[in-house]
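Dropping the structures in below, format is structure tokens.
After this come two complexes, each holding chain A, first together with chain B and then together with chain C.
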Partner chain A sequence: MTANSLLVQNLKKFYPVKGSSEKFVKALNDVSFTLPPNTTLGIVGESGCGKSTLAKTLMGLEDKTHGSISFNDNSFDNMSNKVKYETMQMVFQDPLDSLNPRKKAWEIIADPLLINSKVSKTEALKKAQELMAKVGLRPEQSHKYPHMFSGGQRQRLGIARALILNPKVLILDEPVSALDVSVQAQILNLLKELQKDLGLSYIFISHDLSVVNYMADDIMVMYLGRVAEYGNADKVFNNPYHPYTKTLLKSGHISQSEEIKSFPKLISSELPSPLNPPTGCAFHTRCPLAKDECHSILPEVESKNERSVSCLL
Partner chain B sequence: MTLLVAKNLQIQFKTKKGIITAVRDVSFSVESGETLGVVGESGCGKSITNMALMGLLPDNAIVTADTLSFNGVDLLSLNEKGWQDIRGGQMGMIFQDPMNSLNPCYTVEQQINEVLEIHCPEMTKEQRAEKILSLLVDVGIPAPKERLSAYPHELSGGMSQRVMIAMAIACNPKLLIADEPTTALDVTVQQQILELLEKLQNDHGMSVIFVSHDLSVVKDITKKIQVMYAGEIIESGITKTIISNPEHPYTKGLLDSIPSFHDTKDDVLFSIPGLVPDLHSRPKGCQFEGRCFNKKDDCSSSWPTITQKDDRVLRCHYPLK
Partner chain C sequence: MQVEEVGFKHSVREFWDHFSDNKGAVFGLFLVLSFIVLAILAPVISPYGSSEIFPGQLRLPPFWSEGGSFQFILGTDDLGRDVLSRLIWGAQISLFVGVSIVFLSTIIGTTLGLMAGYFGGKTDIVIMRFIDILMAYPSILLAIIVVSVIGPGVTNAIIAVAIVSIPSFTRLVRANVLEIKERQFVMAAKTFGAGPWRIMFKEILPNCMATLIVQTTLGLSEGILSTAALGFLGLGVQAPTPEWGIMLSDARPYIESSPWLVTLPGLCILAVVLGLNLFGDGLRDALDPKLKR
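Moving on to the complex of A and B:
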């Protein structure tokens, strides 16, 4: 195994359904991937496909049902929280809601440090101000409160907080969705620059395909908790195998290829209920290419040309 | 035929800190059957302009204009009763967040029925019931009969937006204002809503004002586009020409900051430095001057006026060539 890689194998997260001991919502089902250092894995899919559950489960905010997460060959199960949080940190979608309004900027950034290590407040302040400079904020602003910053600046605060423990992996859950395009560009540039400087790995979750295409080295398309397609981002974007990936690319108005533009419409716009997922391939209820066998046979994740695809066709 | 004309529209708000001008010197027109795209970042005045067209601004707003007429009616002279006739009848609106725009206490049928009751009083109860069902079919809701008695929380985001659209087109409006109608939706659902809007527009011959911050969506569905910044129109014209050849530095910056308009990943995204000006103390000259890469000395002292060349309207001293 490559050093300093994040390895996730057969990760599952089932939520029990109220009033039944046998029914589960399978929010994550058999998700596996490898994230080498200094790379970005983009995760795309519609709401409810398990993107955010994946982020939470990786961070340990939700307990996993099954599977293994390991970093540098050390399993997360045997890691103390302290080591875990020094390995992996998270940046959230809504920059205002994820910052404590009663704390000053430097306190927000330094909090993980004060909790996880024995540093004095002065040292923490100094470290926080260094990081503020690194993410493009003026250190003089360290005594301001979150509401005094603009949206883009707040997201920079969130990034600084995630960086203070020198993690190796950052989970970015829709980090730019709440921002205007010009500010979005600033944050994306900052993230790329930080990755280059610090050798970070990113798990970049977004519903915006053009952003993911710009950021990601690898891409994973999820559908109802399962991996639909996973592989090199350029290859997936230029030559998607799975009908769902094709649909997403068509709807995202970003592909120039005629094959994608003329790809048939979805049969139904509605995502099936995860409480009662379709038999066979979960996508067959909407897939314009579905055949009879798709209704009954669950496609295995198959690898071809360094790409995993779960589709019978 | 020109449906909507706004000339020199200005919208001000009385606030504790004095009067602020949110929108100024905005002039545009919408022809029958045409789609106008409006783009710009948060706070550029897109939504406020639409609210003014619908008469939905709060009491502390002051709206003035040389002309603001819709279908021959002077909107500035309307009283509340007059507004009610136009709003929901000849002018429909779809809002950004469909989940929050429907009344959670009423069923789908009751909500659409209300629109018809008010604006089409000549219809009988039976006619209304028939119309509601056909509207739901029009907007592509599966199993429409069962949905009639559904409450908004039982519908998905895409379905709620379809119900909103059904309400907006219930009285065959001449103009549909769609304010970020797909922003809260997934891309696959967005695509279907856009296709639906296009189809309805062709069927009913409506004009549409389509507001969005997403240029990649706007470029595919509109013929005309206007770009707003700090409450002013800074560039407008034919969508294709503007996207392929922007002349205002702000439009160029906006386009360059979108990843999908880039070819390679190694490009650093262009980002517009700085922030939108504070409306309490607007710059004296060009509003974009502080963030512009192409500014010259006189940009900060004199406010550029609107110039028109062919189809393109521009507010810039030094347009890009």
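Moving on to the complex of A and C:
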């Protein structure tokens, strides 16, 4: 494989259903992707589709049920925790909630360093201040508490914390959805600059298609824990194959194509319960194009013009 | 560093603004502070030693009553000891005992609460059932049981009352932890490898401090009251230590002939406990962001 790529193969995460040993909620089912260095993979889908579970499973907050995660051909299973943390870090959605209100800015940023390596507090403070400058904060503010910063500044703190271990991959879990639109653009541009400077790979989770369109090189559309469509972002946006992708694009009002604008409405707006996923293609209960065979046959993820699509049509 | 000091000064002033709105709380703080000053200055301001006996000057009334004098401002007790001196030294004992109780029960109770709340599952069940057992007995009864097992005395009274005070801390901290551990900064700490103890003490505990401080002041008053009760029953601090509870119980036979002997230590207990409760309530209101305008 390509050097310094993150490779995820057939990742599954099943949660057992209480009171039953055979029933599972399949939060992630056969998710595979490759993330080369210096690229951004956008992950979209509505709430409950498994975006956050994917982030947690990749970070090791949840144990995976099956599948493999490897970086630079080293499996995560054989990596020490320290190396894992130095490979992948995460930026959270709500900048206020993800920063401990009782800690000073520099303590928040330096925490990963203080836990994972033997540095003195002075060195950690210095490193934290360097990073504050890098993410566009004034190092003099290093002794302030999170509530004294604005929303955008807080997210910069979160990004600085994720960068202090020099990771190669950042998981960005809805990093701008809690911010004002004007601030969103600043943070997105900061992320782009950092990517260029440090050669980072991003896994960018969002429900905002225009943001993903702006950031992502590749895009993965998820539906009920499965990959609906995965491929080059421009191609997916300009010529979506999967009916679910088309629906998302239509509701996002970002596509100019007539085909998308005139795409028929969903049959039902409600996401089926992951406890009782529909038989066959999970999307058939809502898909306006569903045929009889969709009710019974589960579509495999197939490659089609350098793109993975799971649809029978 | 300057930024931090400004921030700190600012939050102290903000806190004081809220706190001083509550006149009762300020009065409580004043009461508590005066007893602390009394206790610290006891060797300087008390006119006599706590066990100094003046033969032939038994049960003299306070100066304002007939037969009283300024030699013994608050009179003497049945053994001819100066009541004022004993009350002042008693403040030292009571505050020392109260602080020790709160210190012990806070450390143990908080640690148990953190573990129960954070680990959950079996740890939670074991700890909370133990707490339930402690709570099933009326606290003073349980303290009596503990003292009768390990024997009376200052240290043992402290241990007994501390054990009895553990549940309130554990339950309070556990409830706080259950809420805080779901927040994203706890999850964030896990993504870079913070262990459970680090998360409990460095991430979660600092966020419980506001409620914990309030509980500490209230626990202090309960501790003082329970110790006085144990002393009154003869199970706590032993004579001739000038503890307010024992002074009360020693004076019981003279309740009709020399009423000041029971009244004065009773008033002291009342003042300290009232002061601490008012102060604690005020603290709670001032530290609770929901009550802030």
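Going forward, the second predicted complex is superposed on the first by the 313 of 313 C-alpha atoms of A that agree within 3 Å, B and C clash if a C-alpha of one lies under 4 Å from a C-alpha of the other, contacts with A are read in each partner's own complex, and residues count from 1 in each chain.
The rule we apply is simple: a residue touches a chain if its C-beta (ideal position, glycine included) is under 8 Å from a C-beta of that chain, and two chains touch if they have at least 3 such contacts.
Keep in mind that this is a model prediction, so the values were computed, not measured.
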Checklist entry - Does chain B (first) or chain C (second) touch A:Leu312, or do both, or does neither? => result neither
Item to check | Which superposed partner A:Lys104 touches (first chain B, second chain C, both, neither) | outcome: second
Next on the checklist: Looking at A:Val119, would you say it contacts chain B, chain C, both, or neither? Reply first, second, both or neither.
Outcome noted: neither
Checklist entry - In the superposed arrangement, does A:Lys82 touch chain B (first), chain C (second), both or neither? => result second
Checklist entry - Looking at the overlay, what does A:Gln141 touch: chain B (first), chain C (second), both, or neither? => result second
Checklist entry - Is A:Leu194 in contact with chain B, with chain C, with both, or with neither (first, second, both, neither)? => result neither
Item to check | Contact footprint of chain C on chain A as seen in their complex | outcome: 59-61, 81-82, 85, 89-90, 92-94, 97-104, 111-112, 115-116, 140-141, 143-145, 148, 158, 161, 165
Next on the checklist: Taking the touch rule as given, give the residues of chain A at its contact with chain B in the complex, in rising order.
Outcome noted: 46-47, 150, 180-186, 188-189, 192, 207, 209-211, 213-215, 247-248, 250-254, 265-266, 268-271
Next on the checklist: Residue numbers of chain C touching chain A in their complex, please.
Outcome noted: 1, 3-4, 7, 183-185, 187-194, 198, 203, 206-207, 209
Next on the checklist: Considering only the defined contacts, which chain B positions touch chain A in the complex?
Outcome noted: 41-42, 142, 156-159, 186-192, 195, 213, 215-217, 220, 253-254, 256-260, 262, 265, 268-272, 275
